[in-house]
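Before I ask anything, let me first share the structure, which is written out below as structure tokens.
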Amino acid sequence: MKIIKLAVVALSATVLCAGDFKPAVVFDMGGKFDKSFNEGVYSGIEKFKKETGIGYKSFEVTNATQREQAIRKMAKRGGNPVLGIGFAQGPAIDKVAGEFPKTSFAIIDMVVSKPNVQSIIFKEHEGSFLVGMLAVMASKTAKVGFIGGMDIPLIRRFACGYEQGAKYTNSKIEIIQNMTGSTPSAWSDPSRGGELAKGQFDRGVDVIFAAAGGTGIGVYQAAKDAGKLAIGVDSNQNYLHPGTMLTSMVKRVDVAAYDLLKSVQTGTFEAGIRSLGLAEDGVAWALDEHNKALITDAMKKAVDQAKADIISGKIKVHDYMSDNTCKY
Amino acid sequence: MEEILTITLSTLAATIRVSTPLILAAMAGIFSERSGVIDISLEGKLLAGAFIAASTAAVTGSPWLALAAAIAATMSLSMLHGFATITHKGNQVVSGVAINIIVSGLTVVLGIAWFHRAGQTPALQNDARFMPIEMPGVELLSNIPILGDVYAKLISGHNILVYMAFLSVFVTYWILFKTRFGLRLRAVGENPSAVDTAGISVAFLRYRAVLIGGILTGIGGTYISIAQNASFIRDMSAGQGYIALAAMIFGKWKPVPAMFACFLFGFLDAISIRLQGVFLPLIGEVPVQLIQATPYILTVVLLAGFAGKAIAPKAIGVPYVKER
Amino acid sequence: MSQAKKPLPLWADIILIPIINILMALTVAGIIIYLIGENPFEAMKIMIYGAFGYDEAIGYTLYYATNFIFTGLAVAIAFHAALFNIGGEGQAYIGGLGVAILLLALDQYLPFWVLLPLAILASMIFGALWAAIPAYLQAYRGSHIVITTIMFNFIAANLMVYLLVNVFIVPGSMIPESRTFADNAWLPFMHEMFGWVGINISSSPLNLSFAIAIIVSILIWIFIWHTRWGYAIRAVGFSESAAHYAGISNKKIIMMTMLISGALAGMTGINEIMGVQHKLLLDFVAGYGFTGIAVALMGRNHPVGIILASILFGALYQGGAELTFDMPNISREMVTAIQGLIILFSGALAYMSRPWLEKLFGLFGSINKKIEVG
Amino acid sequence: MADSSIAINLRGISKSFGAVQANKNVNFSVPKGTIHGIVGENGAGKSTLMSILYGFYEADSGEIYIDGKETQIHNSTDAINAGIGMVHQHFMLVDNFTALENIMLGAESGMVLAKSISHAEIELEKLESEFGLWVDLHAQTEALPVGQQQRIEILKALYRGAKILILDEPTGVLTPQEADQLFSILRSLKNRGTTVIIITHKLREIIDLTDNVSVMRQGEIVANLKTLDTNQEELAELMVGRKIRMDLNKKPSDPKEVLLTVKDLSFTDNQDIQRLDSISFNVHAGEIVGIAGISGNGQSELLEILSGMRHCTEGQIIINNKEISPTDETDAQKVRQYSVGHVPEDRLKRGLISAFMTNESSILGYHKHSKFNNIILTNPSAIKKHCLHLMESFDVRPKDPSLKSANFSGGNQQKLILAREMDPKPKVLLVGQPTRGVDIGAIEFIHKHIIDMRDNGSAVLLVSGELDELISLADRILVMFEGKIVGEIEASIADEKTLGLMMANAHTQESTIEQAI
């Protein structure tokens, strides 16, 4: 009996920890329904909530000062873990994590070196490589396009992987690239996204990969209106316009967020960098009933092969952020 | 050659698309300001129109109902502006600023309450939107070089609101200069006492002018959310109301010149999208921000009288009080 | 015979009417909250607690208030000369640029007590310069200052994007922001200063600039009502032709007032850039310039009123952010809407309540008289 | 009471604005087809009464009968429908409209303008020839001379079928010749059955033109008379309410050294209109020089230039042996330092700031004076003391420096301004319209103080629209016409008739008074 009792005590100790477990998420400016990055996190934690019945606190940031305020408030109110979405929250997490050394923090898309922070980053270049291949294979004009959000290294990383994948398939392919803007509003400007897409279509592009958050919605809409193809980003956006969405370069932020909560719940949280690529299923290309018709077996085969080669190291996809250039 | 034509045409077509809400808002501004009421709230009305249109379209699926609802909403804002500035003789700029701020907050608040999508409205299916119209004869003309392309890409292939915007310019011109209402409207913006002593109600005249502005901005807002785009996104008017105001001043409060000013500003926007990252000979890379700031800079230059004097209606900004 | 209307007593004019205006705005806001399906009184309670309930909240409230005091004073002083400076947003932005340039250039070389006055000066000069062009155009070319200052807001926004993206950005960074200043270029936070004297309060962005804002308010009060320059500004504001008769140059007053106004708006940069962010970043003004209009209108262009109105708006901002934590249905934009309503009711509809107040007072007056007679 | 031979019958009309009662129980009637004059001093309530008749204001109480029928007039439309037209003192015209558009405005014949225009052209052709009211219908209104603009106003009324025409101070901006033309038009209107009401404070016009006359004083009608039965003297007495002593017990002047010299002064405004044309004159210490002229002939500009409010284009001004122009960039404050006082023509717009407390208004123009300032801050107690001193010396009531300037009566405001400008004992005193809109008691007081200034050795330049004021106050009178000085006359031998002729510059063409303000 005594042993059992001890076990119960030990168990209850973990349960007590779990009682401290109050997930808190701070979304960034795009908002949790951006159909993309933030929304991916949202669906991950919603799934967690459904499965475990544990609720969470969330906040959507609307100005720069609020990031730090929101994260601190979450930590203060006992939030654990506190998850910050997006690189812009890096400095805030860095600061608040120092003030609350006992709380677990996590950030997506940015590296923060603190003993209680898990930095989740994705190898977007690997996934982009694959959708670049698909784009070229689907293109009839041998011209593919890329529309980024803000002109920042992270987006360049997408672009560079995409370019490399495209050239890998057809070295003569022409790639037209545009960035929506240079301010955070570039993530939520569908009108401009649509105009950029129309501009690319007029120049002969017939497949566009948009890595531009909410701006992408305008790109996909324009593709649909023009009868061209588009590639979604971050979340699986295939469902938006079946027949138009060739595929989506999925960043499994939902899985990452889910795993994070799970790890804190079970006490297996680890600080440090979690780098998620093809091998970890952190990035992928989406194939579902919405785009089945667009992906031929040959395409699927070629991409699956490339994926295996990347995982095995046979194909090296250049990471733009490693040297801020796109040389491969 | 082929490519230059394509790029030119696509830029011009983009110009038309981008100019449409500007034109509608600028005409709204002309009605209001010609009657002596400054209308800074063009921006807010565009935004409100966009929000209500997208919401209505999302719920009912009908673009026409959406248009009607948007117009109703913007007309209520016009009534509010009129109530503050015409009935209560409040400061017109303050009232306009207030409306802009209220709308930019309320659209998000209501959007979240209604749709739970962080202020966005649900994406619309095509039948809930105003879609491009193929004009008759595109096929027929397509064999004619240049002209065929021009017809197909520039003249045809826009949605009905675009054509309404163009129509609004000529209707505005006609009303303003060829009708009794227009004569009185222009008079009340210059000398309200003259209108009052001629036995015409200054307040009623100004209310009508402001309400027409409401109708036009309602159409403009509808265009932004359910024709140009397929949903409402917070602050999606993005300063177009102010650009329209600038265009109206640039056009010296006259409909046709104001339309050309809208084209100019729309063209600058279209070109800034296409010029991005392009190196021009001699100049090097043109900062996109410079192109984006050009409408504002041009307006300031014009207002400074360096590009012909812009003379505002004389009684503008002054609430009408019978002198004592 | 109609009864001659009596003017309202002074207290009704400067206290009662503003309060009625705020109440009307809050009532409309309450109705909206009710329509969204939340309890407006509950929301009010959360907001008040969130704004004043604990020391960190008060810190945030006063931090926001600091910005509003600067932009509110900027709008107010222009109003005194009958100018409508709607460009506080841009002037504050550029003022912050001035602070950042100075601190980025000199934070390695100079100690804090030298940097502080220089930074204040830089914020003022940059803000003033940004106001100078619209001012010049109004004074000497007759361009409408409302329109030009709006345009200058947009020009400032584009200029700042260009500079941040192309000049100030840290190479390889994701975010268009400058590097963080060295510690000696940081204004002390209020919680740090209290810490020096042994009082422990929670950390918040509230910093020394709040004290600067209060000092500036006093200086502006003295300037407007107790110097010959303030006299000249008010003379021009009330009657341009009388000022002209008195030999006060309208043009010079426009220039002087707008330069001061721009300088005040520019000082927002001290709080935001030197006090809180410690680096130059995008959109740090976040609408504070526009809020300044509401603050000035509500504060009746008087520094005391402006400080009170600023605290009210600070409370709205902070309490509003708090509200979104507890009532997910209400977003921070509710505060924006309330702000707009306050501008509407205390600006454009400021005197809506006046006629019936006058009647009410007339009624009381006549009753009093009857009593006296009786 | 339905006497249809009476065009207008007003009964018991009262109207007040705030605390000011503008009309008190006014009764009078005007027979059809007559010209009826209304005279009264400024502020007697004439314009208010006519604005009520025209529906611009609504009376607080009283009835209006038109052609014997009680008529409700709430707004101008009602008045127009009742056949009333009005030519306002300040024309109600849209400057950038054509004459035709202005006439049509509000009386268009249909939704679309083109039809209205052709209709109006035909109608107006008829009216023009019938009454000799020739106007270039397609000219921009602002480009037309005032006389023509007035005709547009008359045509406007007639085009609307007015049977009753009200004219408010129609001759203020006209030369006597233009006025004569106007009168002959009015007579021909009368002969065709139109009833005319004319407001004026010029008694000669009443005698020349009208059939009947009503005299107003302090908001009330004090007399209704047949013009044939009365004369100017009687009317003047009725207007003022007592016998007027034109005689101010003024000692003959004793001019000493020259304090103000004006040489070849010219001024062209920014619309390229020459307002002043080589004016030269002197004013000596101990002398009052009056400036006469129909308003808009350069008097205002002259005062503004001498006081430093404007810069002249050419010429020389020497004040107290100091030259101040034309190269010297000067302003009103600097000119004051040369010992110049300036009582402005427009008291409310210029002389003080209505929203200021009176102690603030009492240093307007002197606010930089070291007396009122410490190094940085103002000295409120010195200012208050100064204000009390001014109020004391000029009997300004109520004696409350913290009261808003707007809350004083016109006479007390004017006294405060005079006190402020006279208190530093300026060598040169410039005075514009010192008694406009001021009640009688204050007028005498003001006149006495101006003469005292002269007797104490100041040089006084007086611009006034009231000829009797000029004649009684001034020692010499200069007459201005079209920016030139066209004559000079000793006040002792001047009378209104001679001055009137000089002001009209009888031998010049009428059409040349253009663009008068």
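The letters A, B, C and D name the chains in turn, as written, and every chain counts its residues from 1.
The rule is short, and it goes like this: contacts are C-beta pairs under 8 Å (C-beta built on N, C-alpha and C of every residue); 3 or more make two chains touch, one makes a residue touch a chain.
From a predicted model like this one, the values you see are computed outputs, not experimental measurements.
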If you tally contacting C-beta pairs, which comes out ahead, B-D or A-C? Let me know. B-D
Chain A to chain C: how many Å between their CA centres? 39
For chain B paired with chain D, centre-to-centre distance based on mean C-alpha positions, whole Å: 47
Whole-Å distance, chain A centre to chain B centre, using C-alpha means? 37
Express in whole angstrom the distance between the two chain centres, defined as the mean CA positions of chain C and chain D. 45
Provide the list of chain B residues touching at least two other chains, using ranges where the numbers run on. 118-119, 234, 289
Overlap residues in chain A, where contacts from two or more other chains coincide: 60, 182
Could you list each pair of chains that touch, in label order? A-B, A-C, B-C, B-D, C-D
Of all residues in chain B, which touch chain D in the complex? 177-184, 186-187, 190-191, 193-201, 314, 322, 324
Considering the complex alone, what residue numbers of chain D touch chain B? 17, 54-57, 75-77, 79-81, 86, 88, 90, 92-97, 101-102, 104-108, 110-114, 116, 156
Where on chain B is chain A touching in the complex? 3, 6-7, 9-11, 13-14, 17-18, 116-120, 123, 131-132, 224, 228-231, 233-234, 236, 238, 270, 273-274, 276-277, 288-289
Please give the residue numbers of chain C that touch chain D in the complex, ascending. 1-2, 4-5, 222, 226-228, 231-232, 234-235, 238-239, 241-249
Mind pulling up the chain D residues that touch chain C in the complex? 14, 16, 18-19, 60-61, 307-309, 331-336, 342, 344, 346, 349-356, 360, 364-365, 367-368, 372-373, 376-378, 380
